[in-house]
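In the two complexes that follow, chain A is the common piece, with chain B as its partner first and chain C second.
Up next, the complex of A and B:
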């Protein structure tokens, strides 16, 4: 079906704005395919059902809207006490000086901009491949755009169990930067890796990560999206899970004028486990969208989606979650919860928690709630001498606890909690 | 058989057999009667012809023509999880009436006995008698006034005089357009606007008949009102329009039933129901939808595209939708509540059973506009065979709907491994004093519950019966007495009777 004119123009203008980076044979082919996908799908508009609650205009425009640079010193430090391998990108450009040496036992880390010059590379079987699979049944043109235009990223091949996490730090220094990064993570059988991400990245950031977890492999991911007020981000994670593999991802988002985080997972091996969680704190001009699509394609798998949002001063929280259980995916255990705490009357919570089930021996459930802070609980705390502001914070933290509990590593969880408390404290001023 | 599927442990063979029974459609016979048709297809001339046949005033004809003009520019909605061959809207009859109805009979006594027999066979009493479904009860308690719609025309309405004494107007909509134009003009299209959606717009252009109810202020309607729709003629679409107005402080309970003969070719049914509820008034609307579902290979059946909406205009108005959806090859139906007044209440109770190749995409919309508004949604979907059953709903809390509440529960039960159960809720909360809770589960008959029942000495069959029974009970209990019998009989065929 031909695309409407509006979409054709939008798509052409966006593709014209950035040149497809020069690359070697394998990557050039993947990019050419992606350009064709973008052209046939067209970039999204507000009229698309999948963008009903989030206006993609500023994500698809040819020029990135400006975003004032936020002073990093204002941000509570994160992961400082954790031994990690630092990889720093400034406005989407690799910063060799600020980064650690990329060698680490049990893992090979290469940059896309280097490996992409080769004629052939192992990442050929994954780069743009999982993204393409993830376009069915719902199209995600911004991910295909990423595959076509990504200037850099990391290709991480995990063969063992590295002693420390790989920490990607995204700094934002240019008010009009428009960054496109694409990572590929391949976790071999029995291997295990933890990836940390944090920072605002750029005025506009389009990031894609493709993750292949082989049988009995494990992938842990903890992300903190920065406090840059004006930045915009669209991120995609495409995961394929083998037998008895584990995939766990947690995202903390505090501020940012627009964030759309999509997670698209396919459980292809029996007994796989996928947990996706998120905690978002929004204040003022904040629009945060979690869109999750989990497909169960194997027997006896478990998936969990836990998303909590605290919103105030006109902040908007969106959750679109889906569990799709294919006909043979018997004994599936699917759980999904999305909750929002609206701290005032101006904020909004928009949710579409979906189940699509074609197997009969499954237990799937979803819950979604929205409401204000519990006055009784507040009264109780105040009657015990806790000041109002602190009492509110305690209730906010207890509300977010279920999501934060999804982080397995206690040190990292403590760090994330610290950042949360700092945010609340600052807020109370 | 349509149920050549592997059935899991815990789902009794008897249950499966009983679900199969659903495909033995009891109302599949046809009344052989001389019919009068308008030419096939739809165009302004047909619209005018329908208007003319109903002897309508000019404003009504104009209204229809404008709707038709809009419809021509619209496209069919594609978002529902239903899949059916493209409908050729020009290959349908839009108007069919029994030849004996050319001259409208003055009373039911003059109606062609063949037609009366049809309804008698369906168990719908058209004589003003106090008997329904063979149960005799004291006259005062059991009265149900019936409007019988046969293809495109209303045959007649019972208990008219008695209702008139109470001030209640209950007649066919074609009659209302002539007799009460001021009411029709004021309310028609005020809840479901002409251009609301593709099927509602088509209905606005070509609706041929339907029911009209007006309950004056402070009146509690002395009996249940009921409309029974029967599609009989082949290749005929039924487009009925129902308009219910409950004036201040009034109360009415309304029942709707429908059946159609078995045919290989799918037939179209696109109805619109509008309900206006003023201050302190209450309306209960119950449906047992039992259109022909198609045979076990998915041939034929009714395509049921229905727009139903209630507008709680005055403060403290209340509406309750209850539906038992067992028929139709394709169902596309979302009875909705607009909670406009303060302290208004909307309730939606639904059981949707889909078997063989049936597809049901149904649910509700609760639009909270006024303060302290409350809504409750309880939806039970049961899929068997190769059927697809989708709950699709919206709960919207507008910024001004302070202190409002919603509770939603959608449960799905799968019998067999070739069917599907889906849940697509939309939740929009735009103020923080409102509470919204949504829960959904999908499961097979729960092993723990079965085990519990068995450990208390029940045999497996009884245990399954109890569990499945419990699964539907919340909705069955919401049905008015007068309807509960038919509904329970229907669900019993498919589930309860099978295992107990």
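Up next, the complex of A and C:
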């Protein structure tokens, strides 16, 4: 079916705005495929069902809308006390001077812009491959656009258990930057890795990560999306999980005028475990969308989706979460919760929880709630002498606790909690 | 300590008068008890004194150590020395009991212009006080009141009271939901805090609690007023004959 004219024009204009980077044979082929996918799907508009609650106009426009750079405060950078391998991108451009040497035992790390010049590379079997699989049954054209246009990224091959996390730091310095990064993570059998991400990245950021976790492998991911008020981001994670593998991802989002985080996972091996969690804090011009699609395709797997959003002054939160249980995926344990804490009457939370189950021996539960601060709890705290503002903060943290509990590493969880508390304190003034 | 004069209170949302002229004068170092049938306004009195929303004071005054309480926010009343032990303590998931206690203690100290307690000093004090109430380390670590039994919740209220060292303590049906052993433990905790500079207002349905926490004065409340006051023997009279005689007597 031919695309509507509006879509064709929009898609052509966006593809024209950025040249497809020059690459070696394997990557050039993947990019050409991706361009063809983008052209046949067309970029999304707000009339698409999957974008009903989030207007993609500023994510698909040829030019990125400007975004002022957030004034750095005097607080310590996130993860400052965590021993980690730092990889810094400034407005999407690798910063060799600010980055550590990319060598770490148990893992090989290469840059896409280097490895992509070769004619053949292991990443050929994953780059754009998991993304392509993730286009069914719902199209995700902005991910295909990423595969076509990504200027850089990391190709991470995990063969052992590195002693420290790999930390990607995304700095934003140029008010009109438009960054496209694409990472591939391949975790071998029995191997384990922790990936940290933080920072606003650019005025507009399109990021894709494809993750293949082999049998008994483990992938841990903790992300903090930058606080620049005007930044826009669309991110995709495509994961494929083998037998007895573990996938755990947590995202903290504070500020940002527009964020759409999509997570698409397929549990292909028995006894695999996938946890995806998010805590979002929005005040004013803030639109935050978590879109998650988890497919159970094997026996006795567990998946959890825990998403919490705190919204005020007209902030908007969106959750579209789905658990799809295929006919053979017996003994599936699926859990999904999405909740918002609305601190005033102007904010809104739009949730579309979905379960689609074809197996007959499964345990799946889901829930979605929106509510205000619990007045009884607030009075209880105040009656003990805790001032109203601080009492409200404690109740916000109480609300977010279930999501934060998904972070396994205690030091990283403490760091994330510290960041949250600082955000709340600044809001209180 | 606490002077309540002609206190009239109605519900904010509906035109229903709950307190119809309460007068009470609570001296320093004394234990006063309030008994009364259901719906007489006992819990409303405790909420109005501690500053809960939803009530409108239509007449009367309340002074704590000479200060007008009714104009204060709940946290200011707490810092001024008022404490309410809740009938139904609230569960707060995700906030550790210890964090909560320390936040409360330091918030009050800050409001009074005192120096905040260091983590080390605080820990020392809290461990010691928790021990006498048989509150173990696990209960201190767990989220506030979450998964606590009825007895644990009430013991936790008394621990908060012990840590905050208020001058005026209101106990709202602290005996409800307690077995005999728990009541004894809670009462011992309260009695340990009895002091010449501290006043208690114990609200209860039953004389039983007053066997453990011996009151100096007993008041009977009915239909929003104190209808009779007397010594501890008044509680016994209620226990034996119910409220009917007293109600008939004043009617």
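Following the convention adopted for this analysis, the second predicted complex is superposed on the first by the 425 of 429 C-alpha atoms of A that agree within 3 Å, B and C clash if a C-alpha of one lies under 4 Å from a C-alpha of the other, contacts with A are read in each partner's own complex, and residues count from 1 in each chain.
One rule holds for everything that comes next: a contact is a pair of C-beta atoms (placed from the backbone, for glycine too) under 8 Å apart; a residue touches a chain by one contact, two chains touch by 3 or more.
These numbers were taken from a predicted model, which means no experiment stands behind them.
Student: Evaluate whether chain B and chain C can sit on chain A together after superposition, giving fit or clash.
Tutor: They fit: once the shared chain is superposed, the two partners occupy separate space.
Student: For chain A, which side has the bigger count of touched residues, chain B or chain C?
Tutor: B
Student: So in the superposed three-chain picture, is A:277 touching just chain B, just chain C, both, or none of them (first/second/both/neither)?
Tutor: neither
Student: Would you sort A:351 into first (chain B), second (chain C), both or neither based on which partner it touches?
Tutor: First partner only.
Student: Using the superposition on chain A described above, determine whether A:362 touches chain B (first), chain C (second), both, or neither.
Tutor: Once the two structures are laid over each other on A, A:362 reaches chain B alone.
Student: Let me test your reading of the model: by the given contact rule, A:376 touches which partner, first (chain B), second (chain C), both or neither?
Tutor: second
Student: Pick out the closest CA atoms of chain B and chain C after fitting on chain A and give their distance in Å.
Tutor: When the complexes share the chain A frame, the smallest chain B-chain C C-alpha distance is 14 Å.
Student: Same chain A residues contacting chain B and chain C, which ones?
Tutor: After superposing on chain A, no chain A residue contacts both chain B and chain C.
Student: Report the residues of chain B in contact with chain A in the complex, numbered from low to high.
Tutor: 8, 11, 79, 81, 397, 399, 402, 412, 414-444
Student: Which bits of chain A are touching chain B when the two form their complex?
Tutor: 49, 327, 330, 340, 342-345, 347-372
Student: Inside the complex, what are the residues of chain C that reach chain A?
Tutor: Listed in rising order, the residues are 50-53, 73-75, 77-79, 83-84, 86, 89-95, 100, 103-105, 107-108, 111, 143, 160, 164.
Student: Per the contact definition, I'd like the list of chain A residues that touch chain C in the complex.
Tutor: 374-377, 379-388, 390-391, 394-395, 397-402
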